[in-house]
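Two complexes follow with subunit A in common, the first pairing it with subunit B and the second with subunit C.
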Partner chain A sequence: RVSSDGKPPKFQPPPKPVIIDRKTQKEERRFLSPEFIPPRGRTAPLKYYIERKDMIQRRKVLNIPEFYVGHVLAVTTADPFASDKSKRFVGICIQRGGKGLGATFVLRNVIEEQGVEICYELYSPRIQAIEVLKLEKRLDENLTYLRDALPEYSTFDVNMRPVPRMAHEEIPVNKLQVRMKPKPWSKRWERPKYNIKGIKFELPEHKMKAAQKWSQPWLEFDMLREYDTSKIEAKIRKELSEELEK
Partner chain B sequence: MRLSVAAAISHGRVYRRLGLSPRSRLDLLRNLVTALVRHERIETPWARADEMRGYAERLIDYAKRGDKDERAMRMADFWLTEKDLIHKLFKVLAPRFQPHPGSYTRMLQIPNRDGLDRAKMAVIELKGNALPPLVRPRRDSDKTLLNQLLKGYRQDAQRAAAA
Partner chain C sequence: MMPIWTKSGEKRAVTLLKVQDCHVLRYVSKEESGGKTAKLLVGGKNVSPFSKPESAHEIFKEAGVPRKQKVTTFNVTDDAIIKPGTPLYAAHFRPGQFVDVTAKTIGKGFQGVMKRWGFKGQPASHGQTKTHRRPGAISTNKAAKVYRGKKMPGKMGNIYRTSFGLKVWRINTKHDIIYVNGSVPGHTNCLVKVRDSKLPTYKDCNKNPPFPTFFADGDEELPEDLFDEEIFQFTDPSVTFA
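Here is the complex of A and B:
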């Protein structure tokens, strides 16, 4: 440093560090897997507590990523009859069911023009890896109607590359409206009981109107059917974060 | 050969079957809730009062959210058939029960109905209403042995303190 006037150069303090508090931002948006939330019933909470401990143990060993219905997953399971003792299946998650250790998810794919659905248990010791290939939510919680949709909507390439996630932000919702095969379907998806928004119904008007006969408009006002899980969820979230940090 | 029992088992069902259909059950309970909000104390068959209690308390929980809340207003609109009671619910009942966390109703059984059916009746009321109380709290009578002994002990203590 060249000193002018023979004096030492003026001390320039370093720029102040900008603290971006990512931890608090992340806390707000933590995902709680639905199988942790106990169902409403007369079972003792001890059962769910014990199950949760086992689930956390398993999660420490195997990384179960955050996924919703509509994501495309690749699951590697152990298979004694395969040549390298493991089997890989890629498919779209149709539904997630069960609570506790018996939580399952069903993956669907169409392989060589044959639709295949496999129901995996999340906490089964046979599962070796779960990778999320494509992240996108759909308009419904249950995509079982893909069985009656045209096969192109359920085909996914087995050697698909994982689509990189943009940033740790919202999961995009795919507002795709699926076209169906001609009727008869396995279930009458046009009925309001299923409340499906992701199908492009090409049925005539009178059929859609006739389906509305089965609507139960009083059900939304039946207050005792609501299950408010906010407090339970908060407790379980705290428990999970404590356990997983150990 | 019958392998399964065709018995009337309803494991874990929480809702009673009232009226002609599920819609009719909700309509029945809706009328009762409206009557409760209007008169604050009603006499009905016990089963109906029991079903109605849960709905009435949840309605007050919704009302506590305030009348700006869209969902609360829709619920109140559905559950109260007489629309002047919506104002009463949000402006009178919600502030009255604001300090309480829950249990806004009291249900007591009554002698059976006088008609042919001799139905089990109950009276259900909102707490804090302006009507005379249903149960008069009785104080212990002074003439029981224990109370007499306690009275004597208190008098002895007073005399010892005065002396």
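Here is the complex of A and C:
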């Protein structure tokens, strides 16, 4: 190559290689169970630290898998009144509530045309095994509207085989729009406070517009409601990874 | 408050109480105090010494201890006297013991008669004029006066109350925490007084407690967590019914 001056071109060092650290990126995306994050309040942090120690102890004995609302789980509990002394229930996880040791999750299934919901405590000693049968997230974090949906959306085969997970990467989001039974419903799901995206509303236009009257557009700008958990989460993740490796 | 589970899988609610910098401050003999037993003044929770005058620091200086937020008295028999200045730890109590807990209840301010005393009030409709939460009649005609102690609106809460007969489920010696059954009066992080139970049913429940108290510099080495026999420990496998 000949430059405009007639002198040899200036030495351009090769570009530095950009190192993408896949391991740290993977850790950032790893799942932290929501009951580990302490709620906002005036309780001393020591209480949450001690609760977390107990939770980690229990997790070392019983493997609690990563699951979200919308997964289909099978839970085996100890029951003194059953013939086998153990009971297995399969259902879709509707909601996850509670913090700390009292964390719960509700499983829903329709058995012989009767809807059944059972609320299990994650850290109860009666639970013998939790298996994830089907991994899929839904559009909402709270699937309580399945109570007012057609029963076909809540029925799951009790003897379902676990669906194998493809790669250890993202969990698929099922963009299913559920059809509802005729009104009245247990809650007015069309109202914006529930912010439900997973229902196919077959209501007339004027009713959907009337429901928007109850919208509170100022809520997302309310600064007092902000609860930034990124630093707390990072600390807890570090603590968890250290303790579980022991 | 936290849940704990028994070995049979039943859930109980438990309150965590932290023993924070408790020291014995002074010994008052039976004749000095004029009561039936000797008294020990105990102080808890260190606090800055700059907000009170020097005269208030005398007790703490004698014991050689920083200023405490609260000083309480415990009635004590003669064989359980402790030297002033000794620290008191959570290991003073053992799992399986029964305990009374005293604290100031949450203050609700000036409250009406329905919330304060549980009166039924009046109906919401059917002609009631401006009367829905009022006490109604306060005395009879013949009495011609209102009796002393008549339940009326006033300041509710912020008074000392005791919960009796609470079982101690677990003790954490590293962080000095006592796990006590059920709920306890007071708001979160409030100061609380814990004593051995005075109920006659639990008179013989305390077998071989650390007497007069648990001394940290003694020979006894306790594990980090002391559990009651019936409690489910998370190191055990899940509960199964045979």
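Following the convention adopted for this analysis, the second predicted complex is superposed on the first by the 220 of 246 C-alpha atoms of A that agree within 3 Å, B and C clash if a C-alpha of one lies under 4 Å from a C-alpha of the other, contacts with A are read in each partner's own complex, and residues count from 1 in each chain.
As a convention for this text, a residue touches a chain if its C-beta (ideal position, glycine included) is under 8 Å from a C-beta of that chain, and two chains touch if they have at least 3 such contacts.
This structure is a prediction, so every number in the text was calculated from the model and none was measured.
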With both complexes superposed on chain A, which partner does A:Q216 reach: first (subunit B), second (subunit C), both or neither?
first
Would you check which partner chain A:P164 touches, where first means subunit B only, second means subunit C only, and both and neither mean what they say?
neither
Quick one: is A:R42 in contact with subunit B, with subunit C, with both, or with neither? Answer first, second, both or neither.
both
Which partner reaches more residues of subunit A, subunit B or subunit C?
C
Where does A:I127 make contact in the superposed view: on subunit B (first), on subunit C (second), on both, or on neither?
second
Output check: A:L224 vs subunit B and subunit C. Expected answer is one of first, second, both, neither. What do you get?
first
Doubly contacted subunit A residues - partners subunit C and subunit B:
41-42
Mind listing the subunit A positions that touch subunit C in their complex?
41-44, 46-47, 50-51, 54, 57-58, 61-62, 78-80, 85-86, 100-102, 121, 123-128
Subunit C residues within the subunit A interface of the complex
2-3, 5, 9, 11, 16, 18, 172, 175, 177, 188-189, 232, 234-242
Enumerate the contact residues on subunit A facing subunit B in the complex.
41-42, 216, 218, 221-224, 226
Write out the stretch or stretches of subunit B touching subunit A in their complex.
12, 14-15, 22-23, 26, 54-55, 58-59, 62, 74-75, 78-79
